[in-house]
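Both complexes below contain chain A, partnered by chain B and then by chain C.
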Partner chain A sequence: MNLMANIIINVVIAFLVGSLLLGFHRKVMARIQLRPGPPIIQHFLHSLKFFFKETSFPKTAAMPFYVAIACMYCAIWITAVIVGPISYGSLLLIFAIYAVYKIVEHNAGSSSGSPYGKMSCVRAVFSAAAEIPLFAVLVIIFFQTGTMNLGEIVAYQSANGPLIFSIPLAALMFFILLVSKSPYSPFSITKGKDIISGYETEHFGVLRGYMMLSESISWYILLWVFLTVFIGPLSLLGYLIGMVVITALIAIINTITPILNPNHSVMSQVSIAIIGIGGSLLIMLIV
Partner chain B sequence: MNGMMISSYLSLIISSILIIFALIFNPAVWIVYGIAIVFIPLFILSLGLITMAKSNKEEQEERKEEPFIGY
Partner chain C sequence: MDLASLGGNILGTIPLGDIVLYVTPFHLFMFVVVLIFTALIAISRTETQVEGSFGTLKDHKVSVGLSEFKSRRFLAIICGLATAGAMITGDLFNFTLFIALIGIVNVGIVSAVKQIDVLDAAYQYGIIAMICSLPLFGGASIILASTGTLSLFELASMATATPMMIFGSLLLLMGVAGETGIAPFFATKAEMFRTPGSPFILIIHLSSLFVIIRTIEILLIIIKII
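For the complex of A and B:
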C-alpha cells in the first residue's frame, strides 16, 4: 500500500478508536457512579463540534506559540503512529515522543497567559519528573529482550511468551503510566479540576477540538504500545478487546480514586517506579 | 480577511498539495514521513481555523479581554 495512504488510514483509525475508547471510559465511570452518562460517541462528537465553535484568542496568549503548541501536540502523536503501528520502530522514539508530550503540556499552559494554565505548567514539570522514571521501564524490556525495536520485541514474545509474565512489575509500571495519562486519573494533576482544565483552560473552540483529536490518538497509541510490548503479537480483534478491557479497568480505578494532590501524586509514581525497577531487576537476577 | 485567515488558506492549500503529491507520486520514505508529521497537523489546523465561527466586530474586543481580574 502507498505509505502516505497507510499513514492517513492509521491516523484516522487512531482518532476514531481513541475517541470511542475515551467515550467508553466516561460511560463506565458514569455507570459506576449510578449515572446514565453521555453516549460512547460523545467524545468523538465533541472533538468535531469544537471545530465549528466560535473561537477567539485571549489578549494574554503568546501568539503564535499559543496556536503552534496545539499543532505540535498533534504532530508528536502522528509521529508516534508512524513509529508504532506503521514502522514498528524503536521504543526509544516512543520514549522521546512522551518526553516531548510533557514539554507540550508545560508550554500549552505557559503560552495561554492564564493563571490556571501557568499552575498546570508548573505541575507538568512535577509530573514529568515522576512519569519519565516510569517510562524507564524500557530499560527492563531491553535487559530482558536485548532489543528496543518493537518488531523484534514482538518476535521475542512469539518465541518466549508474553513479557507480562516474565517482567510483570515492568508491565505494572507502564500500566500506571496509562492511568496517569487517562482523564480523571488520580495522577492527572496537570488537568485537576482545582485548576479548571489546567493547560487546556484557555485553549477553547477549534484549538480544544484539535487537542481532543490529539488526545484520542495518544490514548490509542499508548494502549497499542502496552499491548504490543507486553502481550505480544495480537490480531486486530485481540487489540480491540485488549484496549476495551484496559480502558474499562482504568475507568474503574479512576472512579473509585480521588485526584491526588501534586505531592502525593509525584511521590506515589516515584515510589512505584523505584519498586518496579528494583523488583524487576531482582526478579531477573533470581530467575 | 485578516492575516490569520490568509495564512490558514495558504497552509490548507500547501498541505493539501503536499499530501496529494505523497499519495500520487510515492516519494522516498523520509519525505513521506516529513510531510505526514508536519503537514497533516497543519492541514487539520488550517481547516479548523477556516471552519470555526467568528465573533462580530463589536464583540471581538470583549471576547479577547482576559476574564480573570483577581491576579
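For the complex of A and C:
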C-alpha cells in the first residue's frame, strides 16, 4: 500500500478507535455510578464539534507559541502512529514522543497566561518526574529481549511467550502509566477539577479540536504499545478485545478511586516505579 | 552491541577521527524537535500571567520586561542549541559538556526574574547542578580511563563492560540526574516554572527530559548487560 495512504488510514483508525474507547470509558464509569451516562460516541462527536466552533485567543497568550503547541500536540501523536503500528520502529523513539507530549502538556497550560493553566503547568513538571521513571520500564524490556525494536520484541514473544509473564512488574508499571493518562484518573493532577480543565482550560475551537483528536490517538497508541510489548503478536480482533478490556478495567479503577493530591500522586507513582524496576531486575537475576 | 537495536537503523555516520557521529531515527527525531522548539522560542512573545491578589477581588498581571525578555530569550536559544548538540553527539565528553552548559543556562533563564520564590528555587537548583558536575565529569573520566575512548561508536563495539565502566556509568547517571533536576531533585526545579515566560521555561523542561532519554540510550550502550 502507498505509504501516505497507509499513514492516513492508520491515523483515522487511531482517532476513531481511540475516541470510541474514551466514550466507552465514560459509559463504564457512569454505569458503575448508577447513571445512564453519555452515548459511547459522545467523545467522538465532541472532538468533531470543536472543529466547527469559533476559535478565540486569550489576550494574555504567548503568540504564536500558544497555537503552535496545540499543533505540536497533534503532530507528535501522528508521528507515534507512524513509529508504532505502521513501521514497528524503536520503542526508544516512542519514549521520546511521550517526553515531547509531557512538554506540550506543560506548555499548553503556561502559554495562555491563565492561573489554572499555570498551575497545571507546574503540576505537569511534577507528573513528568513521576511518569518518566514509569516509562523507564523500556530498559527492563531491553534487558529481557535485547532490543528496542518493536518488530523484534514481537518476534521474541512469538518464540518465548508474552513478556507479561516473564516481567510482570514491568507490565504493571506500564499499566499504571496507562491509568495515569486516562480521564478522571487518580493520577490526573494536570487536569484535576480543582484547576477547571488544567492545561486545556484556555483552548477553544479548532485548537481544542486538535487537542481532543490528539487525546484519542494517544489513548489508542498507549494501549497498542502495551498490548504489542507485553502480550505479543495479536490479530486485529485481539487488539480490539484487549483495548476494550483494558479501558473497562481502568474505568473501574478510576470510578472507585478519588483524584490524589499532587504530592501523593507523584510519590505513589515514583514508589511503584522503584518497586517495579528493582523487583524486575531482581526477578531477572534470580530466574 | 548493535546500535540499530536501540534507536533504529543507522541513517549515516560522520567520522571525525576517533569520534564518529552517527544518526538514527531516534537521534534525528530528538534533534529536529529541539530545533523546532528553539525556532518557536526565537519568534514567540511571552504570555502575561494573571494572578489573584490576597485580600481583594482584583487580579494583577505579571509580564516580562523588554530587557529581561531579550536576555532570557538569548539564554533559551543557547539552551536549545546545547540540547540539540547533546542529542546528536557521538562523543561522551561532548555529551557531558553539553549537559553542563544546559545546567548553567537553565539557572540563567530564570535568574533574571524578580520573584523571590523563583530565585530561591534557581539558587537551590544551581547548587545541585554544581555539585553534580563532579560525578558527571568523573563518570566520563572513569569510562575513558577504563576503555581508552569516549566515542560511543567505539564503546558500542566493545564485547563486555568492566566493573569500572559500570561504576563510571552510575556516576554519569547521578551527574545527569542532578544537572537535569529529575527525581529526587525535581521539587526545586518545578518552583522555577512559576515565573511567566512560557517559551523560555519550555526549554528548561525539554532539555531535561530529552537529556534523560539520551542518557538511557548511552547507559545501555556502555553497560551492555545483554
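Throughout what follows, the second predicted complex is superposed on the first by the 287 of 287 C-alpha atoms of A that agree within 3 Å, B and C clash if a C-alpha of one lies under 4 Å from a C-alpha of the other, contacts with A are read in each partner's own complex, and residues count from 1 in each chain.
As a convention for this text, contacts are C-beta pairs under 8 Å (C-beta built on N, C-alpha and C of every residue); 3 or more make two chains touch, one makes a residue touch a chain.
From a predicted model like this one, the values you see are computed outputs, not experimental measurements.
After overlaying the two complexes on the shared chain, residue contacts for A:Thr79 are found with chain B and with chain C alike.
In the superposed model, A:Ile253 lies in contact with neither chain B nor chain C.
When both complexes are overlaid on chain A, the residue A:Ile196 reaches neither chain B nor chain C. With both structures placed on the common chain, the touch criterion links A:Gly89 to chain C but leaves chain B unconnected.
Residue contacts after overlaying the shared chain place A:Ser114 against chain B and chain C alike.
Of the two partner chains, neither chain B nor chain C is touched by A:Ile32.
Contacts of A:Leu240 after superposition: neither chain B nor chain C is touched. Chain A has more of its residues touched by C than by the other of chain B and chain C.
In the superposition on chain A, A:Val125 makes contact with chain C only, while chain B stays out of contact range.
In the superposition on chain A, contact is made by A:Lys53 with chain B only, not with chain C.
According to the touch criterion, the shared surface of chain A, contacted by chain B in one complex and chain C in the other, consists of residues 59-60, 72, 79, 113-115.
Taken in their complex, chain A has these residues touching chain C: 59-66, 68, 72, 79, 83, 89-90, 92-93, 95-97, 99-100, 102-103, 106-107, 110-115, 118, 121-122, 125-126, 128-130, 132-133, 136, 138-139, 142-143, 146-149, 152, 270.
Across the complex, chain B meets chain A through its residues 19, 22-23, 26, 29, 32-33, 35-38, 40-42, 44-45, 47-49, 51-55, 60, 63-66, 68, 71. Across the complex, chain A meets chain B through its residues 2-5, 7-8, 11, 51-60, 67, 70-72, 74-75, 78-79, 82, 113-115, 205-207, 209-210, 213.
Taken together, the chain C residues at the contact with chain A in this complex read 4-8, 24-26, 29-30, 33, 36-37, 40-41, 43-52, 61, 182-183, 186, 189-191, 193-194, 196, 198-199, 201-202, 205-206, 209-210, 212-213, 216-217, 220, 225-226.
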